[in-house]
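Shared between the two complexes below is chain A, which pairs with chain B and chain C, respectively.
Then we have the complex of A and B:
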């Protein structure tokens, strides 16, 4: 990053901040958010829509129970994947493959359901536990592949995790077009619908409440792993300096393998939360990019597990608001995505300004 | 005569500290002026102000009688000021010629490389250097790189030269060559500012000396009218003597031994060629030599960070060749790595994390899975007191600590017996005092001597001959991956060591 830009009028320098209070931090985020709404308002006005009404619709998402519950539902896969990414990013492991790991988790969960439906191998009360374990293992294994390549052959994980996304997405396409297609589904590329016991709604019969419980438990687990276990300590040291980790006698390969497995596993359970919490079956394109949104969420939350939960719900709300805007105001889909992007961008700039300060010096070069 | 440089009342504040406090300084034509002080005394800050890297908060700068404002190094260079930094600013894959003419401002599109090369060659010869302008910089030794840095400045016609600790990377022979060249430059009427914390060099090369302490100038004197003792007193504000407590040299059994050890460097070329050594309990075995002759590789193979390609490492009678770092730690080996501030510390983690970087995985500080933070914090508080680590708290991030305090932290972690029982059996200390000020250096020396008394075997790598000769019971000299000599305490003098350090001894 250029830290100094010289111009005719003066010098612009970017300096790292040493301290920044919590209050100032909250104020910065709020200001960024309000500014982004201002820009959104201007744009809406330009394309001939009433900003006040649009904001009312967005506001409703967080106020009307039905929409709020929809937002929370949408936020669960984001949250679980982002928790996994928090582990990977702490390890300085650039897992861009949460999306693929989500898809593998969906395959595992659906596979368990099909084993039950077609072969009746186990009691239906075992469905959810087995689905959870299977989705964690398959999602984890998907990320572990990249971990092995990294640890043994030093292959860049950004490329491998990203490329495996496409493989996983196409694998789901193959399964629902082929062997896993619902025989009574009129040829549509869909799996059978999950039985109720395979749905994530054991708490008050509500997928949102159940999902939220799962997310909070997962956040607590990730928090404990990172702060109170040997593995968590090792993950942080590896993330800061491979060389110091080796000097300290840590088994760096093993740590990378375990860390990448945990990271992918959480995203895998995120996949489970889509098929059994949102859709109720497997279909192509089941995740509209939750795994990518999770990258933003994890960074925005500063890799803090509790903040990941909050940030996920906020993003789930934005996704829901997008749908609501399309439906009620006939705003084109592209415009709702643009609104979301503008809000992300402002908040990201706010995060940057919390870490760095921009200094202008008068007087140019002589 | 008008001084070349006059600094008056320079004040430079950084958040929380005053790095320069009303500093006055004058550089005359034709003199070598030593700027002496401990680390953190403000020498480098002052010179960075003169070189335009920092702007002072108060004070005036006069260059050749004219009051100036230096906004950037560009302004300083235009006024004939040049600086050789401690770590070279050269582009390694480029040739000497390209490095020197980079940034020259001359009209036209075409560069006449041949003409520049010829002029650079002549300039180098004037100072007794043999530099081929067409060589790539990475092919040069540290001493030659420094010559290129100087040529870069001289080629721009600088007559005010600032050298920041220029001898720290040089062999004794190269140091002598540098001093000769500096004398010659002074003889031409240039002014040389020589930043150092080594008293011997001040006496040898300088005409006048300015001593700084805690951001202020203590004294400026003619070198002839002072003595090393007096300068040391000015530097630290008290007479700095080391009490070695007259410990008899009574070595015990061999704690570590390497036999015909061979290993490769990071570049894949042989770095160790059949090295054999033995360290006994209760002795300090010094490894002397110019850095880059295999010392770090030797340390790394012993502690398990580098594979041996041949030979054996035996620790406490156990074959530890190519064992994992962790197994070797568990054999009771402590390691103070070179540049431990960079390679032994995680700045973004807390003091307590850094103290337990190795011991976190052993009881009572953790069970199989779970960390026992209560015990770690308790012990960390104790260690901070015992090792006099100055930190706001054990929760503070390591990056908020000064270099000397970070080295104390490393010593506390490595030596205080956090792992297993009692003290480490073998201590491998690679350049443990490099870059530290007098006080922190004393602390390291005292600590090593304490562990020698307690019966640890110590492998002590340093390139500071005074330090090596002061502490070591025996001194091994390394050159190009070989041990070129092994001298008993008292039988080593600088001449002998210098000779062994620069050429293979007749075998």
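Then we have the complex of A and C:
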């Protein structure tokens, strides 16, 4: 699908590249990254700040263990959601609803904790496994709703997934303002605090370690599903061409349902990692938009599960670096967000250049 | 990598019509413009770290880190805390270095605290309710640092956090009662309104205090009970919603005095617009002096200065005399002369202490200005409590269902104020209670935990 843009000087054509070597790909990303740093440096210099010091502060986030652990903690929900999105996007299924699926995962995890705390239905060692299963199922079910609508009625999933986000957020509001409110919480909209056995640090001492392990395992699973199973193959075929999938006799509806369930389920576990690893209870607005961040992360990583892990840690680091920059150099929060945005913009442009070639042709309009 | 291609192509396909150069140029231009816009909205001097150098130049400065939930440029909560920070820094006589992180989402406060500790902060002050649990967590992790959390209930003093953590709050309910007196004194329709943020105990007790005050003055004037209407906007900062709620209260409910819990002067601005149209509508200041937004419509209001509380904690840390405390700054706290003064010498309407009354409008009748001053002075010594029979013209205080909540010689205590979940009988709208109607909407047993639902609120005090 070459796109032509005709100008007075000549024609600019955007053509799809057929091949692009791995080395060239890495070089492009690196160049884009360095260029973005250069632009950031120029802007910092213009407003009278020392760019070298700012970069040192950002780099420190990835070198100082305390800050790195914080960054990893932040990156876990982003990573899990982005892994889920990678599956959906491979299927050409535009799931914008990771945020809502995160919230549903938080609801499920909290529900399990409350069942334990108020009815003592099972032993406390069962808490984390049950929470994980419940958050996966509820997050998955939330996305499955849109999958059903897509598969049976061909409803555009971008709209349904996005709109269900608000439903999930309001459902959390209802629960913490109402039935799930902590009776000893002076009426504040919070659930009870999770017992230690329901917190991620219960396993390996720190939520970052546990979370990282979970993220790597999840990435491995996603990688295996996509590259070594029939479902993964079918997901990719559906993503490339629905028509081909149908000609090949695949049950497209079933693939969409399964794919959307897996995608939402992973985001649901991301929600678990927020309530269980970061906050320790359910409360309104618990996720500051991690589900949307995950969309960027998944795209930056080129939907590769391993790169998703790396990209989300990088992103979590930038979130932490935002604070460090404010504290060390008195850069306003808006400026740190802008630095992040410039880096992402350049990397995205780099991704574009990997996929497309720009051809300039001499000669005016014909 | 190969298999990623199709999806990625579709993702980027959105931009395929645009030439690359255009994308980069537009992005950069936007980014630069956004940055400069952002930078100019925050005056550079507000970002400057305050340093006071004394003769002992070699002394190590006290380092204090603040975490704000909003931008310091808002007109309400975070702005107020930043003013408090500067106030305390100026008055602290020893070398001091304070720094802050603004707009920190509640889930990211851990990273913020680590950053501040990395900067060498001795004292960390977190200023949003949502930071409470993680502040306690880091207080445990760093036992040699000191932590203050604003607006929560966890502290070493309360026994639910480590000893190096304190809790503090600037409480307005007494001032809301005085606002109510002013409202009851000027209202002609006998209907007052309240634009309210969230149905949480803090806001509920402020509504109740305001309505009780309004009823006191109005009933004493006319013998009739006040009527009050509440509009919930479910937001702390939402100028547009506050605005339309204020207009609805005036136009549909016939309210002519509006109190509010929302961090911008929007409600006061609406009242001022009506004043300009020769319709008498009144409102108040909230957190800072907002008179300039409604010079005519401004009756009085509640103002907070967090500075004295912060200065107190600076002193404790620098002199190594820390004790964990749970402070509610009320009228009379942190003022030099903590005794009741005669009405003619009253300091009501002047800045003092942690919370104080905004200047009183001359439109309030003389005898009611005197009454407001009298109550203000009495509350310096806690001689008068709005939530008492005395605050309701000798009548017991009833809730909307008619149940008597306070009678005889009872006064509200900390527990009742902290967990108030009922509205006084003069309020027309019920409190948005999600329990019963939504239980019918969600018949699933697992969505409803009866043990939780039943014991919310006041159970423990009564």
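Keep this in mind: the second predicted complex is superposed on the first by the 354 of 366 C-alpha atoms of A that agree within 3 Å, B and C clash if a C-alpha of one lies under 4 Å from a C-alpha of the other, contacts with A are read in each partner's own complex, and residues count from 1 in each chain.
Here, a contact is a pair of C-beta atoms (placed from the backbone, for glycine too) under 8 Å apart; a residue touches a chain by one contact, two chains touch by 3 or more.
Just so you know, these numbers come straight off a predicted model, no measurement behind them.
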| item | value |
| --- | --- |
| Chain A as common anchor, with chain B and chain C clashing or fitting | fit |
| Which superposed partner A:250 touches (first chain B, second chain C, both, neither) | first |
| Which superposed partner A:229 touches (first chain B, second chain C, both, neither) | first |
| Touched partner set for A:240, first chain B, second chain C, both or neither | both |
| Chain B versus chain C as contact partner of A:299, first or second or both or neither | second |
| C-alpha centroid angle, chain C to chain B via chain A, nearest 10° | 140 |
| Chain B versus chain C as contact partner of A:71, first or second or both or neither | second |
| Partner touching more residues of chain A, whether chain B or chain C | C |
| Shortest span in Å between Cα atoms of chain B and of chain C, once chain A is used as the common reference | 8 |
| Where chain A meets both chain C and chain B, residue numbers | 236, 240 |
| Residue numbers on chain A that touch chain C, as the complex places them | 1, 3, 5, 12, 14, 16, 22, 25, 39, 43, 47, 64, 66-67, 70-71, 73-74, 89-90, 92, 111, 114-115, 118, 174-175, 177-183, 186-189, 193, 226-227, 236, 239-240, 274, 278-281, 283, 285-288, 290, 299, 302-304, 319-320, 323-324, 326-328, 330, 332-335, 338, 341-342, 345, 348-349, 351-353, 355-356, 358 |
| For the chain B and chain A complex, residues of the former touching the latter | 15, 71-72, 74, 304-305, 324-326, 328-329, 335, 337, 343-346, 348-349, 353, 357-358, 360-361, 366, 369-371, 373 |
| Residue ranges of chain A touching chain B (in the complex, touch as defined) | 18, 228-233, 236-237, 240-241, 243-244, 246-251, 363, 365-366 |
| Complex interface listing, chain C residues touching chain A | 1, 3-12, 15-17, 19-20, 23-24, 27-28, 31-32, 34-35, 38-39, 42, 47-49, 65, 71, 99-108, 110-112, 114-119, 129-130, 133-134, 137, 153, 198-201, 204, 418-421, 433-435, 438-439, 446-449, 451-453, 455-457, 459 |
